[in-house]
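Following this line, the structures themselves.
Note that chain A is present in both complexes that follow, paired respectively with chain B and with chain C.
Here is the complex of A and B:
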């Protein structure tokens, strides 16, 4: 068993290592040679030709004229230390940009995913208890229609109607420009105001799917003999509802929760773009648009690592939470 | 069958019934589907009674009826009377919810069909015992001591079993743990629905022996429900045979094995695998039993019965006493005894002696 933990942890490092190496390879695959574009741009910006190589080295932690293996080692060493070079478009270290962006993205993704699960589980459980009722049918229909609307459609509509037409919410940013970040009420309110629409549009569509999953699980669990036997044993309804039904219905959703958390980080590329919300996804997008490779790699790496770690935690904790799963069954990442 | 005839039958042949089932019927679909049809049967205090029937004949329905626990949306009608002692009668179907809650498991307990699915898979076995004790306001530590005693009576390691999750135990261990759980509140009656179906032959045997010991030690009345006639024949004092949701024969074990009067019982005896009998002697019963909807007029076995006559298809045979404590629902039971030979050695004399090797 200890052996399993070691192997599982080693696999996380191996995955991160491979992904980092791939990002290095990707730069190399870009059309026109590794640094042609960058070089042309620096020259156009008026950087003297003699300094261009030094600037490139500074930006990407790579000596453009060093042999490939040397470049690779340099790149990996600095990436390992959290140094992704300097953003070309922002003129700031990538690490700093990422560090400023990460909390906002984590905030949006975490809150919206937790809300999805809370509402989904609650609705699904009520539906299952009243299976076939009008409430059940209405919520099922609503869930299916919500599931078929992509979150960005909701985001654009919410932005257009609630922020631009009614002006109830700000249209961009993570907090008011006149508010100093800090643990003040003013800042918190401003941050919530700015996050409300992104969270709302990122939550509403996801609830349907979770409600349907929870409903299905609960109905399946309710049909199990052990629920009937618990009733015969005289257990109180509340005890049965929580420990015999809900527990067994929610457990299978748990891994999904952590995985979703990871995958939804990726979705922020679109979400944060719509709301001009400077988080990870926002910077990944703008890096793509401005050919800002260091920033691109940095944000891409952080998102990937977060996903890998999400799966890792899911894997390690699931066997703790669900006694039926013995360790070493999952082979993901 | 008329109600008057019911009152003259096997039910009254039991001297000191602990549980009386009177005209119990279970219907689904607002009365259109009969899955238990007018069953009248009594269980004597301190006996082991075996109920036999093929798959789908209504065995589980009968078991659930005894606890007034028919799966929704089924409707149970008739009467279930429980006698905690000779002079007290409890009308189970008229108990309040709270009274029913304490009647179940504490007075009449049940081992559900399929032990594997009777435990919550994400809860330790021990928690199931504690939950049950708390639900019945019992002292938990005293109750757990009793649970340990029961488990060791069943040759299980109490600490290990209580501290395990259900899936960590083998099928036989789960089955025994479930029996211990059902005995936890020292019930007067233990209803067991196919308690050995999922086990291998050796395990079935040893569970039967354990059950006999349990019965002696804790003086519990046992209702053993199974599709396996020879299995229960080695254990039961009395037996009842269900066919197509109705009781077709009931009586003392030796009577049922050796002197059965119903063609179905005789066919069942002949169709059960017998280790001694050559394969060609085994006769599966031709035809199939009727579906729960439209139970036919007349005898429900008429389609498959070699003795079926016009009388059989026109009139329901009454469930009548043919000799001491032995009741049969057949117009031609005497003919059946004479014409349907039993194909195992010693049959028609006394059957197989109790506890002996009936296989």
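Here is the complex of A and C:
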């Protein structure tokens, strides 16, 4: 068992290492090459030719004239220390931009994913209990229709109708420009107002899938012998519903929760762009548009690390929660 | 799914015995047709969801035909009055865009590329997953460890950001390449769950028998293992295809992918940047591409769920009137990203 945890932890570092290396390779593959573009840009800005290399080194953490392996080691070392260089378009260290963006993105993703699970589990459980009823059929149909709407369609429609036409919600930003960030009621209200539409559109589309999964799980659990035995023992319906059925039906959804959390971090690229919500995804996209490679790679790495950690936690805790899962190795043929 | 395995075992046993002289090729073909095509098709058709899904999909296929054989005018600027709203004239039933393009022709001529893209993406994801999953699950040991570590790494890279960066790097224009690019690491999750299924299949008697008889690994995989995985793979093909629709149109909409082809996402992007957000007058420009997207994903979901029933042994026995249970598998989906 202990061996498994060590191997699993080692794999986290290996994954992060490989992805960081991959970003290094991608930087060099990117169209036009960041160095050529940077050099042209700096020269155009009037930086003397003799200083250009030094400026590039400062921005990218890479000595452009050093051999490849040297550049690679420099890049990896500074990335390990959380130093992703300086953003070209914003003129700030990438680490600072990312640190400002992360809380907003995490807020949106976490709240919407929790809401998805709450509503999904509730709806699915009720459906399973009233299996075959009109309610069940209606919710199933609704779930399937919701599943077929991409979240960005909901986002655009919500922005179009609620923000632009009715002007009930702001159309951009994380909080009002006249509100100072801080633990004041005014700020919290403003932040919630700005986050409401992104969270809403990121939640609605996901509920259907979870409800269907929960429904399927619950129906399977309901068919088990131990539920029958519990009924025969005369246990209260409520007790059976929560302690026997719900617990076992939610279990498989749990891993999905952490995985989904990580995956949905990636989806924020589209979401935050639509709402001009300056989180991780927004910066990733704007970095892409302005050829800001350090910022692009920094945000990409942070999103990846978040996902890796999410999967890691899911793997480790799942075997704790569900004792049936064992990490046995199979024999080789 | 033990019942499924038993069922397959049965079929395998029969096809092995069909080598005997009194069974003609004709019998074998008709039995194959009966078992593999007619019965599943009956079950599928008996499910309303499959019927509706197929119906919607056939509309898209018809649209693709219309576009490929040029039965409807191709979109071009200034072919119509600007920003005409929908249902005003028979000439431009869905209205026109800001630059005077017929919206209906835009939507129709986007279909072939979208279909190509989702087929390519779905095939890529499922084929790679089957190869990796069966090999890792069947061979076990070192092969298993290496392949699974590899897919774990792939799984850990967030799909959408990776696709965006790859799209900027390689600037793909071909819809087939695009489909593959979008699902570049989608196979990882599917491969993992296929592997765990293979782990149980490989302990089955008939696989052991084949192994004792000295059959080669590729032959065992192809004849004994993969047929058992097909239900799961087919369902996931549909889900992978749906992911391609969601992701590709989202990325076209963002403007990440090159605007080399017609695509509903491109139309959405123009509508969005053309100011359709600010006025009801241009709402049709946003709404009809959205309906196109939702229609195709709805049909894919319905098909996926319908097929799930076809391959679900408990539902299949109900066809024979043996069981009334309506239990469903809830975990056919491996990765639900968007």
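Note that in this section the second predicted complex is superposed on the first by the 322 of 333 C-alpha atoms of A that agree within 3 Å, B and C clash if a C-alpha of one lies under 4 Å from a C-alpha of the other, contacts with A are read in each partner's own complex, and residues count from 1 in each chain.
In the analysis below, a contact is a pair of C-beta atoms (placed from the backbone, for glycine too) under 8 Å apart; a residue touches a chain by one contact, two chains touch by 3 or more.
Bear in mind that the values here come from a model prediction, so they are computed numbers and not experimental data.
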Fit or clash - chain C, chain B, common chain A: fit
Contacts of A:303 with chain B and chain C, given as first, second, both or neither: second
Partner chain in contact with A:270 - chain B first, chain C second, else both or neither: second
Touching partner for A:243 - first (chain B), second (chain C), both, neither: first
Touched partner set for A:284, first chain B, second chain C, both or neither: second
First, second, both or neither for A:224, with chain B first and chain C second: first
Angular separation of chain B and chain C about chain A, which is computed from CA centres of the superposed model and rounded to the nearest 10 °: 60
First, second, both or neither for A:235, with chain B first and chain C second: first
Which of chain B and chain C A:294 touches, first, second, both or neither: neither
Touched chain A residues, chain B compared with chain C: C
Gap in Å between nearest CA atoms once chain C and chain B share a frame through chain A: 10
Residues of chain A that lie at the interface with chain B and also at the interface with chain C: none
Of chain A, residues touching chain B in the complex: 224-226, 228-236, 239, 243-244, 247-248, 251, 322-324
Residues on chain B engaged by chain A in the complex (per definition of touch): 67, 69, 71, 101-102, 104-106, 110, 112-114, 117-123, 128, 131-132, 135-136, 165, 167, 181
Of chain A, residues touching chain C in the complex: 11, 14-15, 18-19, 22, 26, 29-31, 131-132, 144-145, 147-153, 156-157, 159-160, 164-165, 205-206, 209, 212-217, 219-220, 223, 252, 256, 259-260, 262-267, 269-270, 273, 281, 284-285, 288, 296, 299-300, 303-304, 307-308, 311, 329-333
Contact set on chain C toward chain A in their complex: 49, 137-144, 149, 152-153, 155-162, 164-166, 168-169, 171, 199, 202, 211, 217, 245-246, 249-251, 253-254, 256, 268, 272, 276-278, 280, 283, 286, 290, 293-295, 297-298, 300-302, 305, 325-331, 333, 335-338
